[in-house]
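For reference, the structure discussed in these notes is given below.
When the chains are written out, they are named A, B, C and D in that same order, and each has its own residue count from 1.
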């Protein structure tokens, strides 16, 4: 049974003007890449990647983009939220030389991953991109881990102008990596796939999720019928290569295809 | 192995008696395809409506110890896009497909039927029994034998495909309703749709867990109700029955067969036992047949009909 | 501890909101007594009929993973001997007792009421909803708002005790039925009786497990159905409700309260958690109150009523 | 959950002209004193004490007295019967000097007990009574255990004339016992209680049973509300002494009191 638990928000941190990290005191036992379903019972239950998880607490990092996330942004410490999960697949924890490629609010789950990779003894490089400086998250957290860390914005506000894929491309030409991880906008991952070459990789995908328990079929990816809430959200290279819908379309709440 | 599970259903020979029911893993051609690849003998589309529907706000599912509540709200991409998925599925699979449609009046059902006639679907299923859209549409049509008769009769006149009537468990006499569907010309019955509906409450926030408040019950908790209704319908009619409700194991499937089902739907168990559930149950049925000395599925006896 | 669980119900102050429902451990004064000693705030007699009934042949119960099916067949020693047990119970206990009675027509209900008037019972409960005697008596009275109205109205005219109408979950609109009972003068409602009924099959012997074939569902599997119906009834009427159906834990009891129940029945859980279940749940309710800052039971909020 | 299991009868032994022992191959894990509910789904599900139970099989010993038992007597080896259980309390397994008092079809569960007592190192004496020689069961089995064994009939057909209570009385005046066990007709146990004196004891009771899972209340004993299917059928001295209905009345299928 996927047990629902209703918890008080124990901490709220502002990351940027429209991204916040919410922390809950609860032993979730999640693995990096997994997500929770979150609701306030006022309409909407939404998936969020776990951006950190320790023995007694876990966090999610949320971008305000619509009805649900706007309501969430009005909650305060001590307010109740209800959680199901953790759900889905998780990242392979390598102990080799790895590159983490994040974009926008996709980076936070890579932070949780980076902590696990460190423990496993991996040699880690992170590249983190966003549209503007205001959209870039977790720079401090990544930096504090004492790993190789670079960031970039499309607006160029931090000096470098471009995407995390540009940074990844640079790193890949200079060095040899054993494994690449990515999370962020789908078109970023699609572009990244084009520059990766032969290296093995895993990407974290997003699709419209409703049940999160593998029955409604809203989150399946064509043509394999992979359910992102069960077999995903983290998918390995050999699966991703077969996904004809990757970077082409996704499905909305009705199941209708939406072209990218 | 599969040879022993071959089943005849309305002129088709299907490779397994297990059916992927409406609403489960069927938003896309690939969801249908993976279910068929995992051992479902027939797959069903999501219940399609004339217009696209986004469904209800979440939470749309609520799990409890004995099953699941859902109030998806009949989300679907609409009949046109939905049939495109069905057709795309048929490009890659020879597994028969049931097209499920939902409407609230004869005219809309007829319009849906016309669409389905032009698709590559193999059967047309009339969802007369969704319990989760009560606020929107009122008591399910399947609660009234007159409504069931009227709609099935009208659809039968225009449908090029065999017509299956999907009935509701939330009725005072399933016998009456089943007979009405048969008399109106239904080629088969499908039962049961979800039970109740029911409600669960979050005691910390003092709120119903489902945003729609109420949702239909599925899974193990409804099996005895399903068996009883299937048995009553089987005792009353001569058309074949797709039996479903809480089937998780081969043993459950055998109970359905003994209660009178020709085919057996497996929905919520996809959550409990994974998408491989169809193959698992197929194997468990074979094992039951071995242990009890049956060579073919058709040898498995049924209960004596009720008088 | 018990002070915080004190509850007002129809002029009585009961020590716990938990009720031993009709049909559970109540064939003898000593069954009522041990339930009260283990923490039930009110106890209910077995549904008594004018004549003694031996009930159906066994198996009369069938367990499955999410609950229980029963087809006891309304076994009881008859109203005279049954009331003797009630009176003997009242000799030894000051716990209020509900006398449950079953009949199929107004005259018999009135005759039963006259007997109960002369007993030491505290409340009269009309079982309008036994689903297991369908073959014998047809669809339960509680499925028809007119029948419910007629019987409650007639009984109210002669009963010296407050009258509780026990309703069925197997109805198309509980709101209508609850309103009919209230309008007819019922002092309280009790819901739900068992669900379905359902059936289970022994696949080796190809036989229904229950000799009566069908039996009502109780236990965890029916909780969401109970909560929904209680909530709908609570939204419609102003009289208090005894809510029951699948309550096993304090958390379940709190859900019932939030759905609108004043008192909470605990039946099948006596099997799952022992006769001590009442004290266990009492303690779990206290724990919930501590954790959530409620001093008294009456502070626990209810859901907003449905419009 | 009390799981039902449907089994083939693996052995049928005639004990007397109207008592048979039925054996099933199944690991029941029962303790002496416990019972099963047995049905053929043709009407009636009835309680029977376990008369023997080993790693892979168990037996019940049944007297033909009515509709259900008559039908059972027509079954053959290989026929299916459906079983729930084992249910209820079991005998305390003493390692002291013990006396087992059996009457009629009450003796078989004492045989299962005797085997356990032997293993525990108890010093065992058995007295076994019945109306006539034809009603006396398990004489051979008890004898083969190599324990003290005496039997008696009311008709006197085996020489001694009387009841097992007479034999018990004799034994109790000659020797000192640590513990007494009894199973048989209620009036036999009532009489035995009168001659036991101060010795501790347990009796196996029978009441009309329907659910066997402690909810229907048909098997309760007054005034304690003891459920024979859960707290019984084996009851200890300190409970039995409080049972006002013991030897006075029982309840039929409707719950009506039937005087002895």
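Convention: a contact is a pair of C-beta atoms (placed from the backbone, for glycine too) under 8 Å apart; a residue touches a chain by one contact, two chains touch by 3 or more.
Quick caveat: nothing in here was measured; it's all calculated off a predicted structure.
Participant: By label order, what chains touch chain A and chain C together?
Facilitator: Joint contacts, listed by label: B.
Participant: Roughly how far is chain C from chain D, going centre to centre by Cα mean, in whole Å?
Facilitator: That gives a centre separation of 36 Å.
Participant: Can you compute the centre-to-centre distance for chain A and chain D, using the mean CA position of each chain? Integer Å is fine.
Facilitator: 66
Participant: For chain B and chain D, what's the span in angstrom between their mean Cα positions?
Facilitator: Measuring from centre to centre gives 51 Å for this pair.
Participant: Which chain A residues reach two or more other chains?
Facilitator: Residues: none.
Participant: Pull out every residue in chain C that's touching 2 or more other chains.
Facilitator: Chain C, residues with two or more chain partners: 62, 64-65, 204, 207-208.
Participant: Chain contact graph: line, ring, star, complete or other?
Facilitator: Contact pattern: an open line, chains touching in sequence.
Participant: What chain pairs are in touch here?
Facilitator: Chains touch in the following pairs: A-B, B-C, C-D.
Participant: Going by the contact rule at the top, pick out the chain C residues touching chain B in the complex.
Facilitator: Contacts found on chain C: 62, 64-67, 69, 139, 143, 170-173, 195-201, 203-204, 206-208, 213-215, 217, 220-228, 231, 251, 254-255, 258-259, 288, 292, 301-303, 306.
Participant: If you look only at chain B, which of its residues touch chain A in the complex?
Facilitator: 23-35, 37, 46, 52-55, 57-65, 68, 70, 72, 75-78, 81-82, 85, 92, 202, 204-205, 207-209, 211, 267-268, 270-271, 274-275
Participant: Which of the residues in chain A end up touching chain B in this complex?
Facilitator: Residues 1-4, 6, 37, 39-46, 80, 82, 84, 210-218, 220-227, 230, 251-257 of chain A touch chain B in their complex.
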